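Listed next: structures, encoded as structure tokens.
In the two complexes that follow, chain A is the common piece, with chain B as its partner first and chain C second.
For the complex of A and B:
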């Protein structure tokens, strides 16, 4: 096990390095023109441009530029030239909002996916199964920002049942926190509920034809107990793995669209606003941190998976 | 998949074929023909496939609608025009900035946006953009994925290591964020590859980005399949005949990937259309004022308070198109890969 973890961590560090190089290349090398111009925001002064060229090392070879960029990102010395804000501070400040959105949505989509997956697997082939499957397909066909905007407009703005966007910190007002987040959670969950319930349904149906299920039935165990104790438990492993990966992806940038629509002011919205004003330093930092988070979650999922299922470690 | 009887279609097909043949020697049926036969029986999938074709057709007919019915184009502002709705003269955009809603007549059939532009006309032209980017990106994804997957799977060794590790790295980026990063970087300076120069606001940029970021999702399964195919007897036979690796990849491996590729295509187009919308919504895809469903939803959401139809119309059109592709794609998958479908 220790060897597996060590190998996995080494691979993680290699991937992190590759990610940082790619992100650096995307913003500083690939596009033509003067990189200082792109970093400086919309209307730079000659002084800013000179300062950027000096501190980012654009007069030096590319490897030096890379090192300088990394140094800036990780020492918290990254400044947005559009409004002179420290980028890393801003990200740290916005992070709880993104996390609130992701955690709540994650719980929500897992819960409803398990319910729907069980329901459709038990009713497989009947009308209820087909109906829910069509609903799931509709769920994965709608863009999340459009669903969010519709909910926000009709349930929030028009009907006034829910607040019209915004965020209340959990520590200040837990009820208000949940109340403000119900619509974002729902909008973000729809897609995942559609995907997960379908994956779980097919896993459940696969497991139901396993020998141990027949044995359990032969022993006279009730159908309900077989379904929940034997079938569901064995079908959950792929779903839990998937959840770990998707949760990482949502925190690492997948929530960007939902945050914008509901005005949650999280990390994703910070990225979106920076894109609109063509303010590159925040986008660079968020893309890099986002990918880092995804890699970290993937590694954790792999290690947990290997702990649960010893067969993985050998390969 | 959704609305069809849960019976083992494959077995039924074979039995039916054997019966009709009677005493004649039983002829084999190509798997692709069996698949098409299964697809033909799936009426839901066919209906949604037809729906998608209808959407494509009406988007192709955009100039016809614009010139003959609406008498305007996708960019023209009718801020001060007045039209007759239900016998009453109405401002296209009222003095308080509220645009007219759907009139259900030739001009402003689906209403106007805040700039006094005809939404129906923009919807059709935007559909051309979105569908073009969706199909183009999906084609690019598939071509690249076939290349990378086949090379990595068949050659193995260091080629496989390099390709697979690179795919792992790309896999680690959240799709939307990677697309947005590339879109932002390229929208600023355009792209220059050797003699080819692409402007920052060109439609080719979102097409290339979406095509590239999706490659990993298809290259991985293809590689796995090639790994399995490589060990098959017919590949060994080809090698024994002295065929080179390129020839084997093209004429022995590639045809065996065709069903996977067919299954992936509609779902990839659906995915690409959704991603185009997301990138355009964030300002890193199609650049305004060019219409696409993504830019229209983006503008509509911003102005939703003045008239919700500005956001509802393009979003509903997009969702309908993607739904049609998803249902059809699901049917295609069930038809070409019956084992993927779970039966009882």
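For the complex of A and C:
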């Protein structure tokens, strides 16, 4: 177990290094990427630009610039090039909102995906199965920015049932927290529910034809018990894998569209704004932050595997 | 057929199967898996159902427990277990009988146990399913078991050993594992199937099947996946269990050699039909059907001089969707004659004293006696003579 964690840690460092280099390089090669223009304000003189380049170190070779920036990332004094805000502070401030979105949506989409997957597998081939399949495909096909906007407009603005965006911290008002987040959770979950329930359905159907399910039936236990304790448990691994990766991505600011549509002011929205203004430091920090969570969730998923399926040993 | 219920043998029968017919609608047409199978099973009897792969043995066995039920399956005839009609039983009735009254052991012990569940839990589950004092909470159990597999469940009192149905079932599971010969059963009860060898897993399957003291045990090729020494041990175990519990055993196998030691009666199946049925001695010392001769000839024996080639029955069993007219063995039988296109009834032929020895072959008993002896003292099915071109072709030089 200790060796497993150590190996994963080493892998994580390698991934973070690669991702940071790639992100940094992208901003160095795209046109109009020179950060000096961003810092200098409107119509700068060549002298100002040169002065900025000197003070910020943009005249140094790229590897040196990279190392300097990385040093700032880890010491926590990385400054945005557009508004002089400390990037790490900003991410820390936005993180609870993104985490709230991810946790609620993650639980929601997993729960409904398992319910729908079980339902469609049991009714496989019948009308109910086809009906839910169509619904799932609709859920997969609808872009989240459209669903989110429609929900906001009809349920929030027109009907006034739900608040129109905004965020209330969990610690201040748990009910208000959930109330404000229901629409973002739902919008984000729809796609995942569609995908997950389809994957789970086919896994369940595969498992149902296994020999041990026949044994379970020959034991005289109820069909519900066969489904829940023998079939479902053996069908969960692909779903858990997907969930770990998707959840990690959302925690790391991957739900950019959802955050922007509902104006959650989370990490994803911050990433979107930074990309728009070609602001390297926050983008770099958020990309690394997201990668960290994806790798972390992947490691956790591997540990969960071993408990879901005792044949897999964590080593 | 109704007269059979009045014979003395049938009176003690705990299971009566009459004209059981099972067919499946498939893309290739109707597959007639079982065609008019009848037999009786008495308490303590060991009945072996023998035949090649794909002749309907397993379907017959599984149909008794309703495991072949599906929208495209059709059943005819009757199978009566102690007054309950199994073919038309409701799901609730079947659920009550399965495991508790009629238990089944499957062919592949590697695949027949749930890989993610401790073997003790798998046995406990069956015991609790038939324990009237235990209430079924499937959802709650699914959650609890999952948590229990992640952490040491010190907070679950029933796992620490207070009384209650679950603890009693667990003790019973340990006792059963000991009984089927699992060493250190008290430790091994919490092991997962992959931590056992094939033979040990089949023992676990047997423990599982015995957990509710069934009156009938159906073993579907229980030793096929095991090596020969383990096979002997398992069969020995079956016989001991029969002696201890007086349960009846239906042993489905393709290997006549396996049943030679332990069966009381044998039914030989071919292409969905029983082609010969009788006591062990009837079948082994006076086999009537050419197919049985073929199976007998295919037994390898170490007490006879070895032949250059292992005798086989030529050809393959017919597809159950498209069986030959009349006697199904016709295309493979070297002794075919003009009566064979008619379906031979399953009847006693020749020696009237052997009323319970039935077969489906038109040949006269005397003729059979002459044909089946391919070598002095050895019964077998003479292979069809090769085509003339093949024999003359070798002499080219």
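FYI, the second predicted complex is superposed on the first by the 264 of 315 C-alpha atoms of A that agree within 3 Å, B and C clash if a C-alpha of one lies under 4 Å from a C-alpha of the other, contacts with A are read in each partner's own complex, and residues count from 1 in each chain.
The rule we apply is simple: a residue touches a chain if its C-beta (ideal position, glycine included) is under 8 Å from a C-beta of that chain, and two chains touch if they have at least 3 such contacts.
Quick caveat, the model's predicted, so the values are computed rather than measured.
Undergrad: Fit or clash for chain B plus chain C once both are placed on chain A?
TA: Here the two partners, once superposed via chain A, fit next to each other without clashing.
Undergrad: When the two structures are overlaid on chain A, which partner does A:54 contact: first (chain B), second (chain C), both, or neither?
TA: Touch status of A:54: no partner.
Undergrad: What is the angle, as a multiple of 10 degrees, that the CA centres of chain B and chain C span when seen from the CA centre of chain A?
TA: 80
Undergrad: Looking at A:252, would you say it contacts chain B, chain C, both, or neither? Reply first, second, both or neither.
TA: A:252 contacts chain B only, not chain C.
Undergrad: Just to be sure I read the superposition right, which of the two partners does A:23 touch: chain B = first, chain C = second, or both, or neither?
TA: The first partner, chain B, only.
Undergrad: Go through the superposed model and pick first if A:291 touches only chain B, second if only chain C, both, or neither.
TA: It touches chain B, and chain C stays clear.
Undergrad: Contact-wise, after the overlay, does A:261 reach chain B, chain C, both or neither (first, second, both, neither)?
TA: Only chain B; A:261 stays clear of chain C.
Undergrad: Looking at the overlay, does A:215 come into contact with chain B only (first), chain C only (second), both, or neither?
TA: second
Undergrad: One more residue to check, A:7. First (chain B), second (chain C), both or neither?
TA: Touch status of A:7: no partner.
Undergrad: Can you report the least C-alpha distance between chain B and chain C in the superposed arrangement, rounded to whole Å?
TA: Superposed model gives a least chain B-chain C C-alpha distance of 6 Å.
Undergrad: Of all residues in chain C, which touch chain A in the complex?
TA: Touch list, chain C to chain A: 65, 67, 91, 94-100, 103-104, 106, 108, 111-117, 125-126, 129-130, 136, 138-139, 141-142, 145-146, 149-150, 192, 194, 205, 208.
Undergrad: Residues of chain B touching chain A in their complex?
TA: On the chain B side, the touching residues are 1-3, 5-6, 165-166, 168-170, 172-178, 180-192, 270, 274, 277-278, 281-284, 297, 301, 304-305, 308, 311-312, 315, 318-319, 322-323, 326-327, 330, 342-344.
Undergrad: Enumerate the contact residues on chain A facing chain C in the complex.
TA: 210-212, 214-225, 228-230, 232-234, 307-311
Undergrad: Chain B touches which residues of chain A in the complex?
TA: 14-15, 18-19, 22-23, 26-27, 30-33, 38, 124-125, 130, 133-134, 137-138, 140-143, 145-146, 149-150, 153-154, 157, 201-202, 205-206, 208, 249, 252-254, 256-257, 260-261, 271-272, 275-276, 278, 280, 283-284, 286-287, 290-291, 294-295, 298
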